[in-house]
């Protein structure tokens, strides 16, 4: 099986894939603080991993998929005071995604799936996908990778309600794919944030933009001490399978208005 | 009790209210198609009603609140093909809200609550509130009015999962406050949309921007035939009480960055 | 006779009106200080009143007209220091008007008349109408309501040269339509501004942007002590008749270049 | 007496002039069709002439004034179909004027007078001057040169109501300062436009953006056949004197917000 | 021979030139400090001179060329601290050039050559020309006038590597065309800047934006004491001939995308 | 020695590096067609390689350097017709770089070096670096990696004048670091473009934006058939050494305005 990564293909190979109707995934994530125990790569590393695995599963099922390199600069203003963080304003984040979307279309592809790997991007992505849909001929859809498998994640994890930040879930997945990027000697500090008082799946209806440091002094929300590579592998498998299902579902690629 | 409406006060009265620490509500909604049976005013009429009632409740409880006139032009591109609809691009919608937010601060107020009354504005509002928070000194928060009382709404309504579009809920509330704007002779046509397959409170994780007409040919999602003024009054009371609670909660007005 | 208000119609009714060639009026005004005696609603309340009356007159004469809700946020920076004032920067003011204009066209209407009710919007409106004209197929025109009946106003009013700010004219019209919004106990303070040294109808050719407080410490320019409901009713009738004439005049809707 | 032209001075000379409190004039005009008989330079040539003469008069009276080169690209969309015309969109026109205004301030000057020489710029200039005033420390004012001497112009000219386009007035002034740019063999065609039905000084209150060609097929509004160099010299003298008066008037440079 | 200056032609004459396929030159330069001995006009005066001479040569050779007035406001932030300088931000500089380019096309011309006369504009111009090329149907090219004749300039000048700032070259050319704008009594101070350590034609590959005052306290880079009118005339002739060659070369006007 | 890659560090580690005065490199490149024989990753893969090697050399010499992940989306419009290419408009490219630059500063770093790896970005980068310099406190510099070692490259390569596109140089470097991304079976087709008629180091002074396909039908400019891994290793070593020298040079980090 050849690579699902766009960057590992030549232009003639990509023209052929476009002609065959391949789907394109654009991973978008962040480069930001993830507590004392994790490298700042977490969001784009894991998002890229799920994108690649999901693309391989879908391609094996007959829906050819190609994965662009990740946009590693997301909307992370609330993490800036922790240092080590890159954050774009909304307008810059939108400009880069729409610019890439236009190029995907200009390169002959008709379908784009934006896979998000960072909580701070969720609302922005919803706005941007609407604007992308107005690029005539490009069918676009998107999702945040862990929301694709929320109930599976809750079954795997002790910490509820699932994937939070630099938490049991993210640390587990990093242990599974990049164990060298987890500082085990600092795991003992790696917990924090208010206990989850909102029931699972129901976000607080009152929107208040808060600096992350108000919510957790450690930079962690959740409890990374419960992490394990085994849980991480199961989480990645669940998210990748859900992504594959979304890519292969006709409902995802219904006709859209320009 | 004096009026809670900003527009019914003179500038000297408003300067005094600002000096007393009054909260300001900005209702933002839409002017758009609401099926064959409802006037296009629904979203801004109901959002303004909840804002006014919530402000009166909070003021009676000792938290003085003033309500700006509604921004009646929202993000409704998906309704444009039905006619009778006004829709702003995101940039215009943001510009008007941020311009008003800056004026609220310039007029001496320190706290702004943006109350939303239209589903198409939800993601945009989240992005905009983050930008509003960066206006130094203006504490801002927001919510979509029916999401403040989602479980109460499900208890009141037959149609699940609650408030949808031109539906049992919206039609009931209009029967309660503007019965002349409900065309009873067309109620028989006023239903549509796919049955709710996603369990209540869990939005589909895959984001696909769709023209509304793909989802309902009548312009209705839900079933307005079940509407009644009694249900409407109970819904308005529940939403207004929840808004009052949010306005009076210290958690809403926690110190915000920058 | 059915309502001339867009918001009181359903989408199917508005589609039919568009098909019949109805004209659309967009009132644009302001929410700003109007001295110690008037509520801040004056500009959008009176502009909306003239729009509604003018639309009814024109519809009765056979030119069907629909009136959008007013854009109540105008360009009022010069009033901000008085408090109680909302002001948009030019770019935001333009964005909302052009966004609405585009929607009017998308909803099937071919003609838009922007009726202005605030002095600070006059130059901006001229710039914006030129840009609106480039929206192919939408014929647009506009006017400031009291300038449509300037000579009639001078005949009605003692204070010359006519309509100024929170003055004999505006107070009279508010007494006619919203007497509860006039604080009679503060009328004695309600005058100010330099005497009119420029002859009527000839604006000072030197443009200098000045804070309003440099021109009047009371927030009034003119003399509201001379106001009466009778004068107000005559003013509203004159402006509405002039608006009707403009709406019905073929010269207003001459073919325009895109 | 040294030159009043900024461009004819070295940087050290201009630093000294700034330290002495000199006023700066920025002429803004257009490069556009002016009928069959006039070169396209008319607006910026005449505006620059009035600016230079007015500056010399004011300097002689003790108010030192420097004149920047003219911005020759204005807002002339309505003339584009005639050919030979350059037109900027509003945003570009504003960007260049505000960029220059900021540089004038950065170069140490405190007062800027924008002298306009083109009808299509009038409303835009009013909007732009308000934005320029918000550049802290830069006092800005402006005027359209012929409106400074409207009554004098009406006394000089046969054609009423005064200065129109490629008309008796503009042709006379060009005969006075650039006779080689007037094609006398085509003067016989150089008239057009509707007769002036609106009384002098009272612009039509209904704003409709029209292509110039709808108003005159010759590109002229007015009657250039009545032009003479003598009238032109008197017009230039009247405008220059009025500009000098405006520059020297304390009312022009009153303290401005913010 | 008639004038090559656009501004000296009427609209009908320009329409005919467009129909004959004339090329248009837009000179873009700067108004900025040029040491103690030169007026601030240098860049736009010399750029306009080369444009005019090059256009006359090309027209005589059968390629009709018209020259717009110069855009005298360039990108000169690094000179602002010297005073007497006007500088636009990139966005304003781009807006005015693209606005003019669009008008050139709207006026019926198909080819635009942007001739630059200021070092600070070089990179910006490259970006802008790419955007201009996307204006369908307008073939655009550009050059900085002294880079067209770099080897000739080195042969004429003592100071190496050629044209720098307010230097032997620029002073010589001003002596040739505007001797009254050279202050001979200050020539003795008119030298400065680091000696040229980078070999001719090879710019330093490391880009660091520096304030000009860090490089020269006199505002001069090079040595104006070596200037003469004779050298200036030879430089202008060399640049004009090279411009003529570029205008007449088919390689300049090759078909461009899109 | 610890990693020089920002993404492999935790936030606390990066805060400490910032406090120690570390320099940050941002690689910016492209994802675009590179002939029939190379993957589309070439520009960002090689630019990232040189950045990493240069950072390691500088760190070993005592100047600590951290490398951000590459911005892989550059300005490649001229390659779009070949397929497989992503290209941003200038505004998006600028927005993402300036957004990252602001975050680098917010994360406590004072010096940013933007290392470019794509010819289409060169002029844009120059404009952007000027704007980045106005971010107070952030000293910024930049270079295109192969221009740092142009004379060394010419000594290594047969094909003159050095690094072109998908050429001997780029193919050699890919053979050195990513041999699996070179399709040897298509090397025979991998040459094209006009012979280099401009002498080395002297770019054509006439700027004409051309579609790449006008210059080469194979997508190659130069001759990749002469490539070897040995040459590639020597090129990478030369570029990395030159980058290290630039990073360690005090001239790169001279005080910048404002």
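Here the chain labels run A, B, C, D, E and F in written order, and each chain numbers its own residues starting at 1.
Going forward, a contact is a pair of C-beta atoms (placed from the backbone, for glycine too) under 8 Å apart; a residue touches a chain by one contact, two chains touch by 3 or more.
Values in this document were obtained by computation on a predicted structure and should not be read as measured data.
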item	value
Chain E reached from chain A - shortest hop count over touching chains	2
Chain labels contacting chain B and also chain D	C
Candidate from E-F, D-E or A-B with the same interface as B-C, over half of contact pairs in common	D-E
E-F or D-E - the one linked by more C-beta pairs in contact	D-E
Same-site or different-site touching of chain B by its copy chain C, using the half cut	same
Interchain centroid distance [CA atoms averaged], chain A/chain F, Å	27
Centre-to-centre distance between chain E and chain C (centres being mean Cα positions), rounded to whole Å	50
Euclidean distance of C-alpha centroids - chain B vs chain E, Å	57
Of all residues in chain E, the ones touching two or more other chains	none
Residue ranges of chain A in contact with chain B within the complex	75, 77-78, 81, 90, 123-127, 129-134, 140-144, 147-148, 150, 201-202, 205-211, 214, 246, 249, 251-252, 254-257
Touching residues on chain E, where the partner in the complex is chain D	6-15, 18, 31-41, 44-45, 68-69, 71-73, 80, 82-89, 91-93, 95-96, 98-100, 103-104, 106-108, 181, 183, 186, 219
